[in-house]
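Each of the next two complexes has chain A plus one other chain: chain B in the first, chain C in the second.
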Partner chain A sequence: MANLKSLFPDRATFARSFRMAAWLGWQIESNWTDPFLFAIYSIIKPLSGAAILVVMYSIVSGGNFESPIFPYIYLGNAFYMYVGQVMTGISWAIIDDREHYKTLKYMYMAPIHMPTYLMGRGVARFIVASISVLITILFGVAFLHIQIDLAAVNWGLFFLSLAIGVVMLAMMGLILAGVTLMLANHVWFIGDATAGALYLFSGAIFPLDVLPAFLRPIGFIMPITYWLELLRRSLVGSVAQAFPTLAGFSNAQLLYILIGLTVAFGVLSAVVFHWCEFRARERGMLDMVTNY
Partner chain B sequence: MSSQSLTVHKPIPKNSGARLFIQTVLARAYPRIIGQQREKSWMFFDIVMPLLAVSAYVFVYQAIGAPEEYVGFVVMGGAMTAFWMNVLWSMSSQLYWEKEMGNLALYVMAPNSMMAILLGMALGGLVATTLRALAITILGSWLFQIPYQVTSFWQLFLVFTLAMIALYGMGMLFASLFLLLSREAWHLSNLAQEPVYLFSGFYFPIKSLNFWVAASASIIPLTLGLDAMRQLVFESGAALGFLSVPLEIGILAILSVVFVAAAKYLLAYMERLSIREGRITESRR
Partner chain C sequence: MEYAIHTEKLGRVYKLRHAKKEDPQELTALQDVNLQVKPGELFGLLGPNGAGKTTLIKILTTLLGPTSGVARVTGLDVTQEAQNVRARINMVSGGESSGYGLLTVRENLWMFSQFYGLPSKAANQRIAELLKIVGLEDRKNTKSSDLSTGLRQKMNIVRGFMTDPDVLFLDEPTLGLDVGASRDVRSFIRQWVDANPTRTLLLTTHYMVEADELCDRVAIINKGRVLACDTPANLKRGLQQDAIFKMMLSPLNGLNVTQLEALAGVKKVTHIPQDGAAELDLILESDEALGGLVTLLTSNDIHIRNLEKREPTLEDVFVDLVGHSMQEVEVRE
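Take a look at the complex of A and B:
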């Protein structure tokens, strides 16, 4: 019973932990410089990442941005920013608090619910990612012939998929945060490595069929694959359905798969984080920094 | 008091001048070369992470039907990202990390030259990163079956050497600038990744960009270094080259001298400035 209580906080604890963590996360992310420089910083990085793909594509295609593969690559890359920011951001909070600010032990002493606190820390990253995604897509529409017909967009599907996806990424971030708790020696590469691997296997910037056959199943068990497909379909349905990988699935089927995998990752994250936290306490790793 | 404790030891002879300089360089290079090899997980991730990016870009090229040589360009660019990451995070930001850990004040207090410390960091980082870049190249070439056709080994060696001297000279220059920074150092290094990958043509020939954009990007030594190396190791490299290899070698030689000299001058200036402004031990979290 006590274990269950630690998994699910009461409403007041949840609200307090989430609200304060979100505020703290925003301060950490943004107050290192003035708002103008922060805005530039938030825009340049994602646009440069997208521009690499745009240049690669335009060299080979001779600037033919009408092909359906281009919006597939461009939109997949744009929405993938959420993965890097939300999933990695939540696990990064452990490193930041433990290694940099050395406050993780105090967080554990405070009357907050730790998983909720970590998810709250991801809110700032979610806001930054949302701005980056929006700017990247607007840039694509304005200059790169990405054709999004606002009247034809399936807004309901878009916002539903986006919301489920963000929850799913938060759950994956919590699993990474748990693993990070157990490691104390320069573990900042874990989030990036996971995001890099998912970038490769989730069909974010190329259809899964391009992968060697033995690697494709990894993509099929990843919820991000279905999430990105749903987002593409909701914005530019005909383009996304031009590729055979998931063409056999209807939107509803993809949505059910995404919900199912999100629930599965939710349960897994609760169990993994709880276990890792217990082990980290046992081994005295909650405040163990790299230069111990 | 025991007789043992009264034993008079001869004073240890202390090095100075050039000997101390070399000793400092080697001492600072040591943890970079030996220490980093001790943490096996770092080695693994240092190789695997660029390989993941390389694989993703290779599959993009395959998805859009790019010519085979572009796959080789990506593998070589991916290997060179290891050097840029090393310069950003382990050269430029290093003095900021040292400040955070409390070592920077010790460096300044010690009777050695700060330039020797930076050179040691560069030397150690270069050796350790070369091993990683080599591993990425070998693995990437094996995974994607890249054909190489080296036209001149000595020119290849010269280009690589000059590019590395200029690049690590640039890293030393940045390190001195970062002396004044605190928390923003991390963000600035983070910001300098993707834009440099874009403008230096890590994943495509730099010639594809507008001439003036490519020319401006040539201030980053990896731009011309990568372009020249691609021209020298791939059959179609010369056709996709930005400038001729001899010209790129000449520019890299100039960049090497300019960056190392500028680093020496700026380091002395920044050290004085940061001491005067009390930023050596400052830690604004």
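Take a look at the complex of A and C:
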């Protein structure tokens, strides 16, 4: 009973854990430099990432920006920024608090709900990612002929998919946070390594059909695959549906799959994080500072 | 009676990393620790570095699981009811520079107050009061990254006291503080406990004077075991039938502690080598034992520069229990 209470504390505990973590996350994200530099960085960083991709695409395709593969890649890459920011950001909070600020033990000792706290820390990353995604897409529309017909956009599907996807990424971030709690050395790279690996298996920059057959199942069990497909379809429907991988699925079917996988990852994240937290506590790793 | 802190046969064994599978190595940090701390007590855990003090505090503050035994804080099991325990406790660790460097002192403290569910207005008022007490009022708008280690330590002391916990754990709270700041902190600790009989404070320290001055009761801990637990006065009273001397000498010229302890009536000798001199702390069964000791020293051409008889201290109690001074234990470990 006591353990159940620690899993599901009262509403006030949830609320203050989330609210204050979101506040703290924003302070950390926005206060590392002066506001002007922060604004410049927020614009330059996503555009630089997009520029690298555009140059690579240009070389490989011989400058064929009219091909439907270009918006496929461009939008997939743009929305993939959420993966790096939200999923990795949540697990990064563990490293930041434990190793950098040395406050993780005080957070653990406070009467908060740790998974909710970590989700809250992801809010600032979500805001930063949203700005980056918006800038990247606007840049694509303005300068790279990415054609988004605002009147044809399925806004309902877009925002619903986006919201479910962010929740899904937060759940995946929680799994990563649990693993981070259990690790000491090499823990700095785990977030980027995971995001990098999923980049290849989620249809972000190429359809899953391009992968060798034995690797495709990895992409099919990743909710990010369906999430990116739904976002593309909602923004540039006909272009996205031209690719065969998920062409057999309707939007509703993709949505159900995404919801199902999100729920599955939600359950998995709760179990994994709770187990990792328990083990980390048993091993005395909650306040371990490795300075690795 | 419901104790503020209650442990029964509490133990903690660490499995050492990088130990070979066929030869698993373990480190016993705590062994069969039985403690009962009453509400309203200022209780001290005294021991050298590595004695198990911090491990015990980590278990009591729900940061570390025990490998055996039971620990309860305010009647709640720290393993089974960790979340409820957390609402009733707080902790400050000395000698570390924790805190969000990007936030000001006031922001850091306010944020933690909100995590504990304190109303914002009351929290701000409490923060202002405590910052004034620790002398950090004029630095409240300074980013904590710009504070010295000592000032950060003061900020963390405020963080610990700010939530007015039922049980407060202070792990070497004056480590890294200058003499004046340490004195102020000690004075505030005592006032805080005395102001409300339901407040309990567990303090770990390896400063004997700090434990002696502050604590209602002290547990002396070494190698994970509690060797004695009583009021400082009672602990020292146990040595009062002994004669305790401090002797300043010329260097010992090859004479060693074992030879000195072999003399009749000499219970314990602690040798503290100094630059061109030697200090001996002596616990003798009676004043008469001093004669044989002086004879041995002078026959070895060692000159006595100063001899002082003094009252027993907690350091003497420690030496009596462990056989070595705390400093010696730390060096050996």
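The working rule: the second predicted complex is superposed on the first by the 287 of 292 C-alpha atoms of A that agree within 3 Å, B and C clash if a C-alpha of one lies under 4 Å from a C-alpha of the other, contacts with A are read in each partner's own complex, and residues count from 1 in each chain.
Everything that follows uses one rule, which is that a residue touches a chain if its C-beta (ideal position, glycine included) is under 8 Å from a C-beta of that chain, and two chains touch if they have at least 3 such contacts.
Computed from a predicted structure; not experimentally measured.
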Check your understanding: First (chain B), second (chain C), both or neither: which does A:Lys45 touch?
Key -> first
Practice item. Could you say whether A:Leu53 touches chain B, chain C, both of them, or neither, answering first, second, both or neither? Key: first
Exercise for review: Go through the superposed model and pick first if A:Tyr106 touches only chain B, second if only chain C, both, or neither.
Suggested key: second
Practice item. Identify the partner contact of A:Ala12: answer first if only chain B is touched, second if only chain C is, both if each is, neither if none is. Key: second
Check your understanding: In the superposed arrangement, does A:Trp32 touch chain B (first), chain C (second), both or neither?
Key -> both
Exercise for review: Return first, second, both or neither, reflecting whether A:Ala252 touches chain B, chain C, both chains, or no partner chain.
Suggested key: neither
Check your understanding: So, does A:Pro207 touch the first partner chain B, the second partner chain C, both, or neither?
Key -> first
Check your understanding: Where on chain A do the contacts from chain B and from chain C line up?
Key -> 32, 101
Practice item. Note which residues of chain A are touching chain B in the complex, please. Key: 32-33, 41, 44-46, 48-49, 51-53, 55-61, 69, 73, 100-101, 185-186, 189, 192-193, 196-197, 199-200, 204-207, 210-211, 291
Exercise for review: Write out the stretch or stretches of chain B touching chain A in their complex.
Suggested key: 39, 41-42, 45, 48-49, 52-53, 55-57, 59-67, 70, 100-101, 183-184, 187, 190-191, 193-195, 197-198, 202-205, 208-209, 285
Point to revise | Sites on chain C touched by chain A in the complex | key: 14, 58, 61-65, 77, 80-84, 86-87, 89-91, 93, 96-103, 107, 111-112, 114-117, 159
**Study point:** chain A residues touching chain C - in the complex, by the definition given at the top
**Key:** 2-3, 5-6, 9, 12-13, 16-17, 19-20, 23-24, 27-28, 31-32, 101-103, 105-112, 281-282, 284, 286-287
